[in-house]
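The same chain A turns up in both complexes below, where it pairs with chain B and then with chain C.
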Partner chain A sequence: MAAPLTLLLIVAVTIRAALFRSSLAELIAERVEVVSPITAWKRVVEGLALLDLGVSPYSGDVFHETPLIIYMFHFLVDYAEITFMTFVFGALCVCICFFFIYLSLMPFQFRKQKFALEADRYPMDSLELIRSPKEMYYVPLKVAMFYLLNPFTILSCVAKSTCGLNNAVLALFFLSTIKGNVLLSAIFLCLATYQSIYPITLCAPAMLYFMQRQYIPVNFHRVSFWWFIVQYLFMYLGSLFVLICLSFFLLGSWDYLPSVYGFILSVPDLTPNIGLFWYFFAEMFEHFRLFFLCVFQINVFFYTIPLSIKLKEHPVFLIFMQLAVISIFKSYPTVGDVALYLAFLPVWSHLHRFLRNIFLVSCVLLACSALFPVLWHLWIYAGSANSNFYYAITLLFNVAQILLVSDYFYAFLRREHHLTNGLYLKRKDGSEATLILK
Partner chain B sequence: MGLLSDPNRRRALISMLTRLNAPICVVCYFAGVAWFMGLAFEPFTLRTYMSENAMGSTMVEERFPAGERALATGREFAAHKKKVGGMPVDWLVKNMQDRGLEVFTQSFSRTLPFPDENKERYIVKGTNVYGILRAPRAPRTEALVLSAPCSPGDNNNQAVGLLLGLAQYFRNQIYWAKDIIFLVNEHDLIGMQAWLEGYHHTNTTGMSWSPLQGRGGSIQAALSLELSSDVITSLDLVLEGLNGQLPNLDLANLFYAFCQKIGVLCTIQGKLQRNDWDSVSGYNHAVQTMMLMVMKQASGRPWGDHGLFLRYHIEAATIKGVNSFRQYKTDATTIGRLLEGMYRKLNNLLERLHQSYFFYLMPSLSHFVSIGYYMPAFGLLAVILLLRALDLWVQLNTPPSTTEDGVADIDQVRHTPGVLSVLTPLVISHLTGVALYALPIRFQETAVEHFPVSETEAVVLTAIAIYTAGLALPHNTHRYYIVCVCGTEQGWRVLKLVAVLYLAVLLGCTALINFSLGFILALTLVPLAAFVTPHVPKVLSAFILVILSPACTLLFSVFFFQELQDMPVSFQDGWLLYLSVISQGILDHSLYGSLVYPLIALLVYPCWLLFWNILFWK
Partner chain C sequence: NINPCVQIIIHLLSVISQNSAGQFFSSGHTNNWAVLVCTSRFWFNYRHVANTLSVYRSVKRLGIPDSHIVLMLADDMACNHRNPKPATVFSHKNMELNVYGDDVEVDYRGYEVTVENFLRVLTGRLPPSTPRSKRLLSDDRSNILIYLTGHGGNGFLKFQDSEEISNVELADAFEQMWQKRRYNELLFIIDTCQGASMYERFYSPNIMALASSQVGEDSLSHQPDLAIGVHLMDRYTFYMLEFLEDIHPASKTNMNDLFKVCPKSQCVSTPGHRTDLFLRDPGSVLITDFFGSVRKVELTMDAINLTDPINPVNGEEQKEVYSYADQLPVSEIIHQKPKQKDWHPPDGFILGLWTLILLVFFKTYGIKHLKHIF
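Right after this comes the complex of A and B.
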């Protein structure tokens, strides 16, 4: 395991370093698919310059990252050269994948134990669906490969997008959750929320996971249930409070609140990106804006409720679903966000036999990724196409993502169904039955 | 969504698609070709119409009187050109100043990567002269360009004369709301490139030029004039620009409308318009015109001096005067009037030309085919690739044999194709592509030292040699496959799936940027992608594969193009032409940034090599 992993790391770092040194880096850093107004390195540099001049970095509507990020870079840039930064970004990617390696191992060990306890409850023919340790052995390596060699991650890393940092925080949150460390989990979740608000929806799966681990029943009438929720929320909100106050004391003003969170929630920057917001809000009459803003933003948060109810037994899968929903519906998505949840796919490789549209969806995702730069070129440089062309591809890309996620969701539910009811279902008259999703 | 979630209907559809895969593919191919050929049939095309309000409804009256004087100026220019042996800069500056323009010059120099044998140039040095007529009626934020090339020999003297004549006449009019820039560029496109880069402060090709001293507003439209005789019989409109980009259709409409109004014969691709669309010969004529446009667009090179303007969002076209043996002649005054009319209408523009189409083909000057009509032809070809990919996917997913220990079998089969067996040919063929792209220019000196060839020949022959050497690759790469011999049947399927999807995406993107190129490549590459497997007869298929490879496509295109222009060539001449076309392609890439050569070398050729690999899969 160690040898291929080392090889993988070397390859990943080499690709990044080579791209970084080439003239492509500047081009990539300008791509709207790769950097958003929040995560663009160019804007961070601008913020740093303003900070050096003693001006609030949030004056001037360019910089939208959080105060902690800018102070972190302020510190780093002071002590090392800019070139060093590249390694920070590279290393971040690597560290994320390392954590993924661990965590992808964990849920299945847990599941296996659970299975050992309840083995006699399952029908015999569903044994085919149980993953053997041999199959699982390579999953972490595949996860690392999916993340490190994913072109999306590479692009986002070469562009020095701070999206890499957000992903790292989310990965740390995931790791500490899987390891069962409640306090760390709450702290990292709070950091992720502090960075981009949306991860707040991950509260639900984290709490469900801990409850499952500590054998606390999910029951509204039980005190232990409420007591745990209060505990977790206290840790979460407490650290959030600390972070916000820390930012205030660092900066000396509340400027950053409207500039970061207001910017995320009210979407004033309509630069095209791979998300759904820009075109709608560019076309919309001003007096409908607030209403549709609410509709679009609720989209991100709302799915937490039905998904948590349906997947309360499977919090790890719920985290995957939530990450996907966030990266599809958030206001300034980039390919870096997409890469984060794509890295989970090898973890669900046991669902492949139940996937229905994977071929179609991967073809569409592939074609869309190639068409983004082409249509951008036609629109912006050649001037012969227009924004509708680009938005059509954005829409298709997001539809494909939604299909992908819902396909995995369906496959997961179907596998659970087969686990309890047997793999080869029979109708009452003895003929083979098929499951239909309506 | 029923189709996506109902397993029974899905299964039915997929089984139908896999069972009837071959017939559907054949039908799609012929339907695509038929659709394309149908585009030239007049009832299926749209009549051109002026979309831009600012140019449509207003009336202008053309009064340009001084055609004869312009021709006299042209003759004077010719005399000075002959005396100086190049561009008579001082004479031009003085003449433009006399006409009341603000005159500036720009000098530029450029060393070509290797000598251009067609135009006989290697180290190019020249000067552009341009005069700006400041707009009296507006804040000078916008400009129009009229350019005429200063060509070697006796060409285009009349164009420069007419340009100066028009400058003098325009100077005395009061209605100009846009600056008008009169540009005389030396060394055709190289001079144009230098001027445009200087005007827009960009440097994309590493050329050296002196910065421009004077500027007008942002350029809205440009016309380039080519005129080599005192009287003409017809005017030809050239639209195709760099990378197959076309100007807004309204510019063509404007030209056509004025030709109709003034009564000048106008052509496109050198073909007159005919009214007998319902006869076979009429249809043939339209097909010829359209095919010429397709071939020119596919070549990706600028077919007139206007070609580089398009890169900067400037709608531009070249107007060429043709003097043939026809009886009816048009004099310079009339051409001057035509240009005057066009510039007055362009002067009325309130915003950039954007109302009409940017993606179109023209079977005649009065009819066009828009993107919505021609894309299905390409779509039908692309669908074949997707169908084949689906078929392969289904084959890959159905286990070959369900024996007693079925589970173990599936496991084995699923793991054997491995990443490595697909990655190796992918990487190797792309490296060959990189070699094809980079080596010819880099190794020209070495080649010239060791072989008795000129630099240009060296570049072209190296390119052909690398291309041919790539064919030997499968035999060598197969040594590395020994590790995974067991999965070979699945292995080529995976490789083919990757290759087919790769080709589909590649052709799709190409067709969006340059439809003609995408369609021509699809026409040849799609059938080979569809049929090639390791199990077809080797020698015959290898022959077909070579015939349908990008290089042979280019060779056929050269002959076909000559045929379309009614100038058939012998095989010997055709071959020489073919060599010069390759060298021009490489030059266009390094001089103007044309994308066709890198596209073919870095993407299309490696993709074709993948199919070659599949054929020789062991």
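Right after this comes the complex of A and C.
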């Protein structure tokens, strides 16, 4: 599998380099769907220029990156090629992580399946639902391909949006979780949270995965359960504390806290993007602003507990769902965030017989992606549309994403149900039963 | 041996010529410019285009060439589909006076008439590709006439039905012109509703302003023409055009007469003017100082002794002389600017960060790798 992977990497790097060299690079770097006020490269350059002039980069509303990004880029910002290569490297890093994730995930899952088979937990007619190593052989390569050759990632990389670095950190977190390294997983999760606040919700699936791996039962009355949670949270919060103090020492001031976290949470910049916040808050009365801000932000974190309770046996799927929820409901989403969870879809390809809305979802996603630049042009340049048009497409895009995620959720649960109860369900009198999701 | 009488006469003549030499140079300007702007579009705002074109006509007739006139018309009335007499714009009913003619040069037309373009013309900050006909190439010896007409309100003037310029912006633009030495004296005339509000905020020296109505009053239009179907002119500009038709390049009419144009009985609104920023007495300012491009030529057979300083004609106390702001001390800046230092992260930070990274690395992968490094 090394040869196809290498070929894939070469193709991906070539595409990105070719696009970067062409005149499209500046065009793409300004698209609001690809860059947001948090991730735009233009703002990084601006912030570092301010720093060179002796002014704090966080003064004014320009720069919203964390101090570690300042440290990472302050040498590189003058050299366009090298910075571009860092982003390509970030993308490759993600894909390699995903590759190894699934490479190591598969034996684990097959082992689980084997135990369940031997314990006769699966009824006879659901055997066709069981995954075999042969059909899953190419899944890691497919995941890598889905990530690298996804037009969203290519655009995000060519635009030099720091979303690529966020994705890289999240992928490293995922990899270290799968490999079983608690400390590294806590540290990478802390880095991801440090960049944007939302990955904090990934604590729950990470903890569930470790507990499953170490055979700690998920029971509120067990000491070992709470003890593990305390350990993990201690490592996580400790490294977060260390990182924040270290960032203080970079510039000697705390004003990165309101600029980065205050900006993400209070959403002052209402530039249109593919998310849901900007349109609402553009016409919000000041009196209600705080209330709706809380509502929208809680929406991101709210799904963690119910989903973890439902999916406590399947933490990997929980990570997928959680990443999707973050990408849809975060305050400044970009297509790079969308691409991160879209890369996981080949892993659940065995669910295809239970997916009901795939055609609709894929059509809507493709249509919306095509319509974004069109309606933007009509609104901003031609003046014959207005923001409602663009927001309609944004809404539709998010609805399609939500539909996709809920469809996979439904298919996953349905497969689990069939695995335990048999594929062809019969009622008590022997006639065929239908399954309804309530 | 010259006759002493002749000597006295020659001496007298030279004294007189020196005095008239003083009068010759008293106005201080050497060239004239005009910026004439009509800010409204659509057929029913025909009268604004007619206003601007009639001022254009007067100004051109009195000598300012097209190269020194920046004419901005927001819509094309002469070739409008609804014009029953195409290629004409009339300023008087019964089609007495066609102000369009065949030698009208419009510099900014249609959608090019925007607040941004207007301010750029005034301040001179145009892109390098702008042709000369679209630039106001005035210098510190130019007298500029600025005429604005359209729909306005208290403190603003509407451009093209979609944007507006405020009196503060206009005042700041004039101050920029003053600081860049782009005018000697400026005459600002505005014919809109509540026009006096537009000159309230001026604060640069040497500006005289006239408006067709006070704050709270509307400027009214003059008369409709039933054949064309719209009002042809606004009252203030109509009476001003009548007044200007009597001016010829050698007229000695002064600004006080212009202030009397269109009293309340004719105009219904009260025209206003502002002269507190203007250095000279308005009574000594000729109409042709702004509306015409009068080249002062005086034929003389005598030699005039110019070594004595020129005395102003009035002989009054000179008012306080306004001087231009200091130029930017470029030489100081060039030689004394500190070299820009790049920012470097503090050493403690680098140390701390890399120690942490190494710690994590060794914790994860074991101390056994240490011996490979050292």
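Rule of thumb we're sticking to: the second predicted complex is superposed on the first by the 393 of 438 C-alpha atoms of A that agree within 3 Å, B and C clash if a C-alpha of one lies under 4 Å from a C-alpha of the other, contacts with A are read in each partner's own complex, and residues count from 1 in each chain.
Keep this in mind: a residue touches a chain if its C-beta (ideal position, glycine included) is under 8 Å from a C-beta of that chain, and two chains touch if they have at least 3 such contacts.
This is a predicted model, so every value here is computed, not measured.
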item: Which superposed partner A:51 touches (first chain B, second chain C, both, neither); value: second
item: Which of chain B and chain C A:183 touches, first, second, both or neither; value: second
item: Per-residue touch tally on chain A - higher for chain B or for chain C; value: B
item: Partner chain in contact with A:366 - chain B first, chain C second, else both or neither; value: first
item: Which of chain B and chain C A:23 touches, first, second, both or neither; value: neither
item: Partner chain in contact with A:403 - chain B first, chain C second, else both or neither; value: first
item: Chain B-facing residues of chain A, complex; value: 128, 356-357, 359, 363, 366-367, 370-371, 374-375, 377-378, 381-385, 403, 410, 434-438
item: Residue ranges of chain C in contact with chain A within the complex; value: 340-346, 348-350, 352-353, 356, 360, 363-364
item: Chain A partner contacts - residues on chain B that touch it in the complex; value: 4-8, 10, 245-246, 310-311, 313, 354, 358-359, 386, 389-390, 393, 407, 501, 504-506, 508-509, 512-513
item: Complex contact set, residues of chain A against chain C; value: 48, 51-54, 70-71, 74, 181, 183-184, 187, 242, 246, 249-250, 252
